[in-house]
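What follows is a group of structures, each given as structure tokens.
In the two complexes below, chain A is the common chain; its partner is chain B in one and chain C in the other.
Up next is the complex of A and B:
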């Protein structure tokens, strides 16, 4: 290589003694200065989904954690309880998600100690946005979806970007499989481009939609699969179920 | 020092812009604009789907120059023979060039062979034409949809250098392939009749292009059966 710069082959290599007693000549990969870089982010994959209803909200996320083309775990939960009746589903860099969730849970605990009651979903939504923007110039690599019941008992879903821009939406999907899922939900949930009558949205129907969406996303997205954790939040509490997906 | 800095940065810019145009992956960078693949310059969304002894091929009709929409009646799906349609997604100039080249080759074939080209043969021809330009390709990702001689569906999707993939359910191409794949994966069922197939492919296309800025602005669907071809335009969002 050009990096040899007039040095001989003997000068570019060394003799190394092997453990079997023999010796071999080992070559350096490059003779010149080498730059090393540390990339602080890793993408651990996954898809999350939340659907709001009249008096409930459903949030679902797959349980696969991957890095590059390898699967690191088939059973990592991406659903996190942050308030009394609020769930955070987040895909992206798992370490950033965990750090973010710990921050939120700690802040919520302090709020409960100080005021004697839990934070409302709207307050949590704003706090999450502020927490994300706090790290505007070294962001949390987390694609968040916050789901809970608002002050009127109606389902509320908030969708975020990595630096805290958020909006309340009827449904949201984020993560590596979001493009596969969002148009599907536009069609079956909001009945866009359809003239047939729309049935009322029940928690059971929302769960069916979520399963359908994850099966499709799991087929086409390599980072999505293994299992889906589905949680339904109502005024009576939170119920969870796990639905198996393909493991390929 | 400052002057040299300017000169070297100008040199750097010139070097980058020389390398910027074309290349196999088609990275195109104009001054002051963000990087975009040349395949996304004009925008497209095409689906081809198989039913029971029928196929359907649908596309949007937008023609744009990056973010600017210029026309909403731009054809991207072309009839090759009574039984075979080709959809071309990608750079509009190459879409039209390839359409003309294919028309030329098919006419010559018909003159020499005194018969029409089969679907499988056409996809093989197209694959060969694209690979001939392996190191300076046409920036199109075509779909071939047709009926074989026995009336059963034939589907083929290709990348810009002609690598074919043959499927029995659906193939998609364009700027919103994740959306299209997600929709088709959930909505497709085997052995759909012509009417069912029309409804399914239309819903898949409309839902997908409504979440993509570069495609939409009208849609057209062709359903090919052994009896003939029905073409319909869809009423969708014009944005």
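Up next is the complex of A and C:
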């Protein structure tokens, strides 16, 4: 073609728009096959925690959203209501978390229209697992913890991996600060490796544990901080409080 | 192994010496320096261990990694004011996304009239500044005069360029001498800039935005300290690699001496935060909480020594 006149086959061109409105053709030597990398995931940080009790469940998550070394927001909620009495706390890639939550909430809404009832916590737990496994080969980058009251009114916490493997557990922590939170709670909540009597777990005590865990995790994990949102789910409803953490 | 760097003659002092040669305890690092008199020595780095480290990483169990060198993350900065120079630094050291040290000191002594802030790999900044500090003292003993800031800069840049950036030390060097107050920025590859205000480290953009807004020529000391403190705070609160406290060092032209203000400001005291909620009682295990599985008592027949 006329544009290529006099140029070797090894040269490629691109049209570059100039800021004055004009355009020019820029030639450069092509060095062979170029690989374009598709890197769809970003890690937005954060830590989540859920503790189940006799007739309640406490779920907490920090409110910092980061990318690399930058803070994108100090006030993003990682707690999402998905059923009447069920909360999903998820850290990881924020866009995947939001997409996942929207999917779950939409499907729950359809369930309510079709059956006239809300989904139970156990049913939601299974639905979340199925939804995650559906994208087994392009996963939701979300570290989920589902918390709610089971059919007997007892607190239920379900812990997930990115592709849907789940298990009911007494407490669960996930996200960037999980390595700091889990050993602490193993000791002070579950009294592992100690033989002094364990006090009964009340909602107030669970909230104290959450604050202690997040303050400690915030000391050592750069992605955890700013504030922690703590929600307590009982048969009477959901109460939320926000506790300020360090902002460094 | 191949020796791509030729050693300048007579520059023995600048080479790191390891007692057992180039393979000593270097499992953490990627390369070691050949000592004098060793097989194939000509100075520079030997990269033999890189292949071995790569093989080692491949044999590790799924999901675990070799530990990363501790980097300081960091916000460091300096400003020249009417009567000297002010240096500032945060105090967080990170290894990956974990805070390894909440209160490390990043402003290093080079000479009574010269101090240096360091960002990058913590070991590199510590050892490089200590080495050059030692060289400056020997030079002072040999010349009988005060160290010049430009001498410190030249010693640092000559060493860093020789290591081609593998010594990951990004420095803000400030001091006063007979020629006035000077502030330099030194990059790991060996280039330098002489400027009235500089910032380095992962929080350098946050700090520089504060400097660009607030810097004026010939500030007085209070304003300069305040500006540096605000710049470091910008890094502490907006950069995840920086945090905790702000250290300040002021070097005054009049005296040729420095005032170190370690932990000049501590805006992130966790004690204050912990006072805001009721801490769980089970944090403090009572005596007897830990099961004693076995008791073994050994008595050492200790006699006091007569000297």
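We adopt the following convention: the second predicted complex is superposed on the first by the 212 of 248 C-alpha atoms of A that agree within 3 Å, B and C clash if a C-alpha of one lies under 4 Å from a C-alpha of the other, contacts with A are read in each partner's own complex, and residues count from 1 in each chain.
Please note the rule applied: a residue touches a chain if its C-beta (ideal position, glycine included) is under 8 Å from a C-beta of that chain, and two chains touch if they have at least 3 such contacts.
A quick note: this is a predicted structure, and the numbers were derived from the prediction, not measured.
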First, second, both or neither for A:141, with chain B first and chain C second | neither
Touched partner set for A:56, first chain B, second chain C, both or neither | neither
In the overlay, answer first, second, both or neither for which of chain B and chain C A:158 touches.
-> neither
Looking at the overlay, does A:166 come into contact with chain B only (first), chain C only (second), both, or neither?
-> neither
Larger residue footprint on chain A, choosing between chain B and chain C, goes to C
Which partner does A:217 contact after superposing on A: first (chain B), second (chain C), both, neither?
-> first
Partner chain in contact with A:182 - chain B first, chain C second, else both or neither | first
If you stack the two complexes on chain A, which partner ends up touching A:66: first (chain B), second (chain C), both, or neither?
-> second
Pick one for A:193: touches chain B only (first), chain C only (second), both, or neither.
-> both
Shared chain A surface residues [contacts with chain B and with chain C] | 187, 193-194, 212, 215, 219-220
Could you pull out which chain C residues touch chain A in their complex?
-> 73, 92, 94, 97-99, 102, 202, 236-244, 267-268, 270, 273-274, 276-283, 285-286, 288-291
Residue ranges of chain B touching chain A (in the complex, touch as defined) = 176, 178-179, 181-183, 185-187, 203, 206-208, 210-211, 236-237
Going by the contact rule at the top, pick out the chain A residues touching chain C in the complex.
-> 66, 68-71, 176, 187-189, 191, 193-196, 198-199, 205, 208-209, 211-212, 215, 219-223, 243-248
Residues of chain A touching chain B in the complex | 177, 179-184, 186-187, 192-194, 212-213, 215-217, 219-220
